[in-house]
């Protein structure tokens, strides 16, 4: 795959289809790839990497990149293509300045999960089918690849690339996913348990804003939380309330726009399962207003900018049963 | 920092009885920015208003908080007051300490505490208020009247007489409405047709009036002064421009078994018809449900007999788009369906009729030619029982909770006419109460009882059983304390009236509000009875509530006066509380555009200063302040908070929240 | 309790003077009626209204006065609040911060040339009056002051009635555009400075908008001044004013601690990030 | 559920200007009683209610927040309450998901004619909040009045 | 030197905890280590280091400074300082321990930050030597010996024992009061240290050489053309600054609860777009300037003002946590390419 992508990047640059290529750049180690813009064949040859650690969703960079001079090529994995299309829908990306190379995907790896399985001082990971061979400063271990997938890949919702100019690899299908299982599990808990769960999770938040800044849906020119004029600027986690506020409002602002790309949870330094908040919204939207996948197409109205005359009442939340807390 | 004046109103004892106004003004004086605080007996009085104006000058106030009755009551008053003193009208906030405080709390301490909090919230809001100036939007000098009954006709005539164009949209093939079906009118007993038909003709001939008969309102967009209405002209399969109304077709049509709606199905008409002789416009209409030509393609008789060549089987619904400055709703009423009233045997015996059916049976142009005959056997009825309040003033699901208002009088009329025409008939009227407030109404009723010998019995009819060609009426006489059994030939039910079924969807289109009974809500029950709360929508006739003809006509003219007042203006002052995007924060994502009910939001590509002397081209939202009505849907749809609402800004509302929760 | 330098003391605004449409001068005293602290000309203080914010302002008054004055231009949240307040309002104050001008060392005995534009007079005002007070310690004093219009000259009465009339002080005023009732010089400060063709033996103290500084400096260099002769004062976002919060650095120097007064040759060694 | 003694809940009622605020006025005009804990904030339409305001109220010490708007179909602005309905449904569901008591938030459609319904709703809602006790799960400790 | 059997660690913690609050690195619900107030059942983590550094205990993310009560024209200043009690932090790694020196130069230089000062005075640091450093560790570059960290007390651990050496008077005082510790020979830890050194030498980032940064001119580094490329994908989040043991930028904010105004300070990040925002703009308008500020501060500005000591301790947290994997190692290597 790496070879095909590299060749494609070189081809697009050399035949002047594009002036820049957005991809992933090699790091100090095998896993610390950085999204980067490549302008020359030399850079591509030397530094372009595509591997199981090319997790970063590049679509958000296109908001800026598509507004620069010349056309930019971008490599989008299936879930990235949903983010891309959603941004197109919101007029954030200038489509004509982007050349999209869709790339099929068989799941990406999560270094945190590899470390969590007791691998310290990891120096190399080799993939061999379903097995990962992990070399560390302290020896070699074998792990099941499935156990090391990013959360979003473990519950992959779609292998379909929804927007592209060209494909590398096979076009995939939407998948039956059990991505809502964890949400359902939480729903089945008592409110006290749920409260305790989220308190524990959110109390770890350090308000680094990584979730927000990486999120393709959180692409506001100026976030309300950074805006003194909004009256709700909040920078610190001076109180547990502010942790709640930030994450509730963030989830609400991306509701109906979040494609469930999972970047928020991937980048959270505190491993807070932030995607669960977004997924709760997606699950509710699916249940209340019919199945909706943000970014799946260019036309369908987002559920929060739409309605039907016989939508359920907010009291459905009270009526859905369960013990009151 | 604003310089705020606080004015606490006693409203006589309305507020002062449960709110310590002195204390409220003292406590609020301590709030930041408050430079003057006082209380007075009636702030809305001349003296009160002058006090406010003097204080504005004396203390150089930049903001005013008035703790008084609901802003729905006097906000406009106080804004004007302050404006005259040189303060922007939108620097005034009202703390509602009457309707939402003194009137709902009995305890002085509680009321006072709450009044202080409400005052604080208003002060907190004023701190963030900014002067607002309203824009202007032009007025389209044309009115639409929906419904061509007496209400609609009167309104249209009055508006047209003032020199403005008016269109009437009537869903029936003819205008005239319910009044065309009525025989005589109370309390004068003059003939309905004699007074109505000239008006119908006037309307038809008026150069400023255009009648869209057999038409419905399909879509309404826009706002006061600038409504865009789509009118659907239903296919009547007759070319209106050619039909002379000779009526030959209606005689030759072989399809004779069509229930005559005009006579409430008491007789039959042809598939092509003119509802009645004086119909306006007098144009034939083909009833597509019955016409064999339209259903099976075989027949074509009417087409053959029509010398004008007006028949057009291929006609389709057509749509007309027109712009209006004002819309008058005159959709009228209908008697309720009585299928739920089995006890009165309405669906079992043809001799149990509604009052409106009875009206047709008495009418010279009716199915019986004006001779009162039993529908079942055509015999002359000797005993007639009138039952009042069928479905009116009802607690249960079947009927209506309200009084239908007109039944007492028309029943008296019916009873009186029966006795006059057929003195041999026994006439019984069962009533709960007889309500006759109106000029010459009670006299009229007393004549029925005293001069015409109508038997008025206070009591309820429990059951009507058809038996051996008679109707056995079981009833209780509440005053006599006895059970009555009457063998009647006819039973006449004074069915409750309800708004026309087209009113509800129309209200949705017009964004006009309705009460739970589907009557249109007036902007103020006493002071603005002919206006809907939605600007530019006016109410005429029974669509607003049950009323008789004189009332209807009065309201129709009143509505017309309001419309004329509106159309006289060349432009309207827009709502200054409009949405406003902060272009620097706008993402251009279109979320706001999608939720705007008025299409007030568009987008423009604009250049902005980027960092390091660069320029950035960005798509940003633009709000048309003439179109924006200030609902605020966009402000919440906007994720970046770039869209805010003037007068109800995020910061203002949050300041109120803060003050209340403090 | 150990009093932390971040904890301010209470002050009271005892007088407010409206200088221009957007500049007011506030006199701040301690609640005990005493001057809150003693400062060096060019130093700053943190003024704050709790709930509104805290901001750093140059002290306008001379240390020789028994009060602290601040000439403040309305531009942001805190300044708007200050402009809206009335006499008798308490605020909080902490300071003094920064290095100040080297009035008793490098400037002593020198001929001084003050160049100010608009609100840039505020920090220099303190020095000017200090020098006037210890007049014998300094040589000739020239003051070039310009603003958009006559109405935008901060504290014009004092300039006109005191500075202009004092022996040994030459005041050169200019406004950007001609105006009725103004018979003085019209034109921008940089050109005016060039026109005045000062002796190059003077030490220059300059404060004003960046664009003015840039062009005036070019003019001075043209006249033969060296960068070592020119002092200016900087303004950047500050929170602590103690050299700790990490905001106001230009390169390895903190404006709040190592500045705000810099000699131009010192600034040359720092990144152009201000 | 323990009820804190002398618990005086703060309840914020956001009312749309056209129906519910008028409904509240009507309940006043009819002298229908409801607890003084309820404080009304007038907004032009139920769709003006930003979830941020709901959270802000809880932050600053509200124990319950209720939104009243025109009945679906009766919105003065045609569609506002439909959007509000979706927004609040999803917001309430998320709050529930995070373990915040469901009873603390509510939406009720109150027309200008329903003064009695307004009063009854406020009585009922206040009772619910009394039972739930002080808001402890979505409060800002810095705002607690102790 | 003292020691205690690993299986008795809990009794050591209990004994320390009986005297002062004790923080140890323990796993949180996400399985990452965090300095946690010890109570019965809190178990020492197996992880090399905590996500948030030990600076949290001395310079917490949020702390109250003072309260104000404002009424009309009057202001009242109310004490609202978070009380600081004596505490012990156990398990600080060598890198974090060094970071205290760096924080000290900022907070304890005149004028002294008394909030930090009182926590430093109250806090007793027990370090723990590293046995299994990670591939991201590069403390050696800064002359830190992870096998023999500083602190009031230094500990080593092998499978059997925790070894304990008091370095300071305060450390000795604590040691004396802990009867659960038994004496042992100084040489007991030699093997551990040796094993640790072996690993430390093999660390992939050991070869990082920063001397160029001392020798190059500030302006040359500042104006290096590589900054644009290095910062192009930076998200502008604060992860690096918040997990960094030496980042100490803060913000002072007011919170008005309607009755009083609470002035607090909280961590801030020079990576944030509003960090230097003023009414009329910011002097660091793009992410490039903000990104450059952070690294210039650590690699040039701080050393310039502090005898060449770098503002980095090589803990490797930013290497592990940066969402886009940009970090000080990549930055230095890239910049060195352009240096002479």
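Think of it as A, B, C, D and E in the order they're written, each chain with its own count starting at 1.
In this text, contacts are C-beta pairs under 8 Å (C-beta built on N, C-alpha and C of every residue); 3 or more make two chains touch, one makes a residue touch a chain.
As the structure is a prediction and not an experimental result, all values here were calculated from the model.
Common neighbours of chain C and chain D (chains touching each): B, E. Centrality by Cα centroid goes to chain D. Taking the CA centroid of chain E as reference, the farthest chain centroid is that of B. In terms of C-beta pairs in contact, D-E outnumbers the other of B-C and D-E. The centroid of the Cα atoms in chain C and the matching centroid in chain E are 39 Å apart.
Mean C-alpha position of chain B lies 30 Å from that of chain D.
For this pair, chain A with chain C, the centres built from the Cα atoms lie 51 Å apart.
Multi-chain contact residues of chain A, defined as those touching 2 or more other chains: 224, 228, 232, 238, 304-306. The set of chain B residues that touch two or more partner chains comprises 595, 637, 650, 654, 658, 661-662.
Contacts with at least two other chains are made by residues 51-52, 56, 60, 73, 79, 83, 87, 140, 142-143 of chain D. Every pair of chains meeting the touch criterion is listed here: A-B, A-D, A-E, B-C, B-D, B-E, C-E, D-E.
Residues of chain D touching chain A in their complex: 51-52, 55-56, 58-59, 72-73, 79, 82-83, 85-103, 105-107, 137-142. Of all residues in chain D, only 60, 140, 142-143, 145 touch chain E in the complex they form. Within the complex formed with chain B, the chain A residues making contact are 67, 90-92, 219-224, 227, 229-232, 253-254, 257, 301-302, 304-306.
Contact residues on chain E toward chain C in their complex (touch as defined above): 65-66, 68, 70, 73-75, 77, 79, 81, 106-107, 109, 111-115, 117-118, 218-219, 222-223, 248-252, 254, 256, 261, 263, 265, 268, 270, 275-280, 282-284, 289, 293, 296-297, 300-302, 304-305. Listing the residues of chain E that touch chain A in their complex gives 28-32, 34, 48, 51-52, 61-62, 132-136, 199, 202-205, 229, 232-233, 235-239, 241-243, 251, 253, 255, 264, 266-269, 272-274, 319-321, 323-327, 329-330, 333.
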